[in-house]
Amino acid sequence: MSDSASKGPSNWARWGEDDQRGTLNLITPEIVMGAAGLVRTGKVYSLTVPLETQGAQWPPRHKMWRTTEFTKNKVGRNSSGDALVMHSHSGTHIDALCHIWYDDRLYNGFDASEHMTSFGVTRNSIDNVPYLVGRGVLLDIAGWKGVDHLALGEPITADDFDACAAAQQVDIRPGDILLIRTGWINVCAVDRALFDSGEPGIDETTLPWLKEHDVAAVGADNLAVEVLDSIPPDDLPVHRIGIRDLGLYLMENLDFNAMAADRAYESLVVIAPLKITGGAGSPVNPIAIT
Amino acid sequence: MSDSASKGPSNWARWGEDDQRGTLNLITPEIVMGAAGLVRTGKVYSLTVPLETQGAQWPPRHKMWRTTEFTKNKVGRNSSGDALVMHSHSGTHIDALCHIWYDDRLYNGFDASEHMTSFGVTRNSIDNVPYLVGRGVLLDIAGWKGVDHLALGEPITADDFDACAAAQQVDIRPGDILLIRTGWINVCAVDRALFDSGEPGIDETTLPWLKEHDVAAVGADNLAVEVLDSIPPDDLPVHRIGIRDLGLYLMENLDFNAMAADRAYESLVVIAPLKITGGAGSPVNPIAIT
Amino acid sequence: MSDSASKGPSNWARWGEDDQRGTLNLITPEIVMGAAGLVRTGKVYSLTVPLETQGAQWPPRHKMWRTTEFTKNKVGRNSSGDALVMHSHSGTHIDALCHIWYDDRLYNGFDASEHMTSFGVTRNSIDNVPYLVGRGVLLDIAGWKGVDHLALGEPITADDFDACAAAQQVDIRPGDILLIRTGWINVCAVDRALFDSGEPGIDETTLPWLKEHDVAAVGADNLAVEVLDSIPPDDLPVHRIGIRDLGLYLMENLDFNAMAADRAYESLVVIAPLKITGGAGSPVNPIAIT
Amino acid sequence: MSDSASKGPSNWARWGEDDQRGTLNLITPEIVMGAAGLVRTGKVYSLTVPLETQGAQWPPRHKMWRTTEFTKNKVGRNSSGDALVMHSHSGTHIDALCHIWYDDRLYNGFDASEHMTSFGVTRNSIDNVPYLVGRGVLLDIAGWKGVDHLALGEPITADDFDACAAAQQVDIRPGDILLIRTGWINVCAVDRALFDSGEPGIDETTLPWLKEHDVAAVGADNLAVEVLDSIPPDDLPVHRIGIRDLGLYLMENLDFNAMAADRAYESLVVIAPLKITGGAGSPVNPIAIT
């Protein structure tokens, strides 16, 4: 753990002392236009896993709860609806910049003691993120390594990023939404105990790389983006430094299988968090268009 | 009320007897490509209202409930998250095709008694809608009429659709996502009792028009898309016929103010429902890109 | 508002510096035995109102949410259950001693900043109250005044307590569970807007009296025990001083109509809070036996 | 499984064709008076286990969810409360007579298809049980067998009931609330996987005995009262026949350790379900007084 101000890579104050948007600032209209220009086939990918009781979920958390209610008149009009109870980080989701912090300071130096309340967080909450729209780059690490999925605890390094990107002939540009395929989401259906015990993912070496490349968001097909030997882990350095020091958006439990099968490495990506006032994150259904 | 099979406009069996997607079938890759081609400035609009306890919500329903929980260690890593409790039709949302039915038959003829369960609906549920991506056309009815908002109970007719589209110099094409601006969402903040008492909206004359033009979805800046003199109303013909007979997607509580100010009548629209297994609808944050 | 330590009536440190039970300490086995001796007819009263969405509830709070789920096999075994979502102070309920405080100190001087967490309260929570069992004394103030119910904002004073008790020929003893009938709960069904706008109830003059008589708990047939001109009110002195300074248990939304009709002024009362670990209160179904 | 009307022990129509109270009818004012007469020391036992996320709970169900919310003004009045989300059968609880049924008929012959709705059950729901107050008889089977707890899958038979009662020198009378101590609740804290895998409990031989003795309710210190080799089990005969045919109340997850240590075999027992309109059960904190 470090002192209040990070000694490593940081974006604090880069976009002003009042900034609550972090790397979302990297995405410009030019980037959006460029990303729209990537659409060449009109094929659309939904990158979400099912949002359901037994769906992918950080194991210590409560499971999602959904009960459908409906009228049952034999004639005439009827209706149905659902009571939904869930953690804001259920299933496929995005972390708000207030989700993780250390030494009592949130991203950009805001005082956690002051801004963290049971009625919602008053800085860096998810309602500061109306959308993430831009160029998505899929790094199919599992495909590049020739495996169905990486192994439990297998790290993905900055060097892997470079090598995989080179093999795929894609470059990484400022404002990119980086999509990391480990194949681990496939484990969820076939060996849930293994899936819940840890995961392959990106390691600490990627943090300076992400800062240097000015990546706007990282999504992965695992529970926590980063490599974990056990759950809960002792530390979550990618969350701790990525979210709190870099103001970087992390997204978890995505499914890139269809994109990888199509080698759809570049796409227009649209992430639309629910505008939960004061919320610490949101379930999302990320969309990629090629 | 009618018999089991509709005597009016219907899309039953049009896309096969097993179809659960309804007008989503109208959106082709060509339409998606065409819509992506509408992106000329890179400006992005989030069309959602805030998702919060006092937010726009069908008045008879429970309010959304959100409680934030957080650790509070004075040193070291902390985290926050939220317990969310909400109706699946809270705030800005999309109705699944199982949301409304009559005479015990869902869209495309499925038996409601069989498929409606408290553990979820087993036909026409929202997880059949991975995305709605296509050409969005905003009909700014309030702007065309030169008012801040239409009046309580003021109907929008098929003729209004034609006249407003002509005035805006836009046409309506198969697969379009039609966005209807009444201005009514502005009432929510200034006169909640009025907002909750009814609304302006589209009337029954629009149903044959929507079928004829093969519109894929209709979103509006009010509680229920359709005109209501009171809440709850005696009938909801646009829901009853639109959803159950046409298999048409309805979206409620959107905010088009920023788009209207920019006269952004055509856009690439992305709707990404949460993949709630068996769900009767989903909160969404609709995105429009110009 | 006062400084950290109360200048008025207080029970801080009376039962030790670690005490988290407050006036529950007043109830001894002798009192329980004496109360059991009051049972002469075997008639039992349930003093709860229905726990339901539209039931009595502090107006600013979320309504209770209950959805029943059930299997529907046509042959063989089936089961039903309910998803319950509610505030811990829904319907008829008891306030834990951590429910209200001021100047950052809970009852008995505990530091609120330290002990109040979103995962539960770590001092004075409801799980410190395994039961309240003892002599119940009903003061039927409405009956004594000859009215169906007291008026909005009508105070009940310490003098009223004495006069009503004398008229009913009952005395108040240490450890008693005092039940105050205002008749106000009758208003809930016939004029909900009035019921939710304030209430008759006990005023500040009763606080020294309650301390002097060593009453263990006060239950009333209104939303907040104490007299309120409006909801939410500017101050809640009976809560503020009663709970935080006296460590006194308050119970709301009880129904004494059947007891009053029987002039059942003395009874064995049993209050059994749910043992919600770290909870700030609990719904209860208070039982009186005569 | 049997036909619609039971071929075995049954109480259908015994208390009228409209009866929804079942064995609660067995408890008379005389029984309540007699039970009050058992109070000789004024000692009170709370028989509940903690109601908390990791508390005892039927394993396939969602865990209870509790989040505390609180204000945090540095001066002046503050308050705390809790959002509770739980199954109606969480922790220590009582089953309503609509909880289990077979062949589409509820207790007393009501039509399940008609009365089971997602908005609540309209026959035999828990709000028909304002209280269970009467003579409690504890059969300390574990103590009688000289073990800390019975073994997984170990049955308790009608003969065991007779032998244990004889050893304890207690008789069973009509209207009794029978409390069965297996010791199994002790396993919950020390071997949760074992606790969740099945349990010792009463077997089918006890059903005619319970009918013959006109027992009003059975509570046990395990998840389901009855013996189970696995969870979920293939059949639940004590639930199926006890609830649906006998109209008998079952209560689960009680803790009798303190009573057993005191050999408190007879007591005044008070069970006070929450009056959940249309509910299929309720959490309770059962109280025993000696």
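The first chain written gets the first letter, and so on, giving A, B, C and D; residue counts start at 1 in each chain.
Definition applied: contacts are C-beta pairs under 8 Å (C-beta built on N, C-alpha and C of every residue); 3 or more make two chains touch, one makes a residue touch a chain.
Values in this document were obtained by computation on a predicted structure and should not be read as measured data.
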item: Joint neighbours of chain C and chain B, given as chain labels; value: A, D
item: Centre-to-centre distance between chain C and chain A (centres being mean Cα positions), rounded to whole Å; value: 46
item: Intercentroid distance (Cα basis), chain B paired with chain A, Å; value: 27
item: In chain C, residues with contacts to at least two other chains; value: 62, 65, 67-70, 72, 83, 85, 117-119
item: Topology of the chain contact graph, where touching chains are joined (line, ring, star, complete, other); value: complete
item: Residues of chain C defined as touching chain A within the complex; value: 65, 67-69, 83, 85, 118
item: Chain B-facing residues of chain A, complex; value: 1, 28-33, 36-37, 39-44, 46, 48-52, 55, 61-62, 66-70, 72, 74-89, 91-92, 98-104, 112-113, 116-121, 127, 130-131, 133, 235-236, 240, 268, 270, 272-281, 283-287, 289
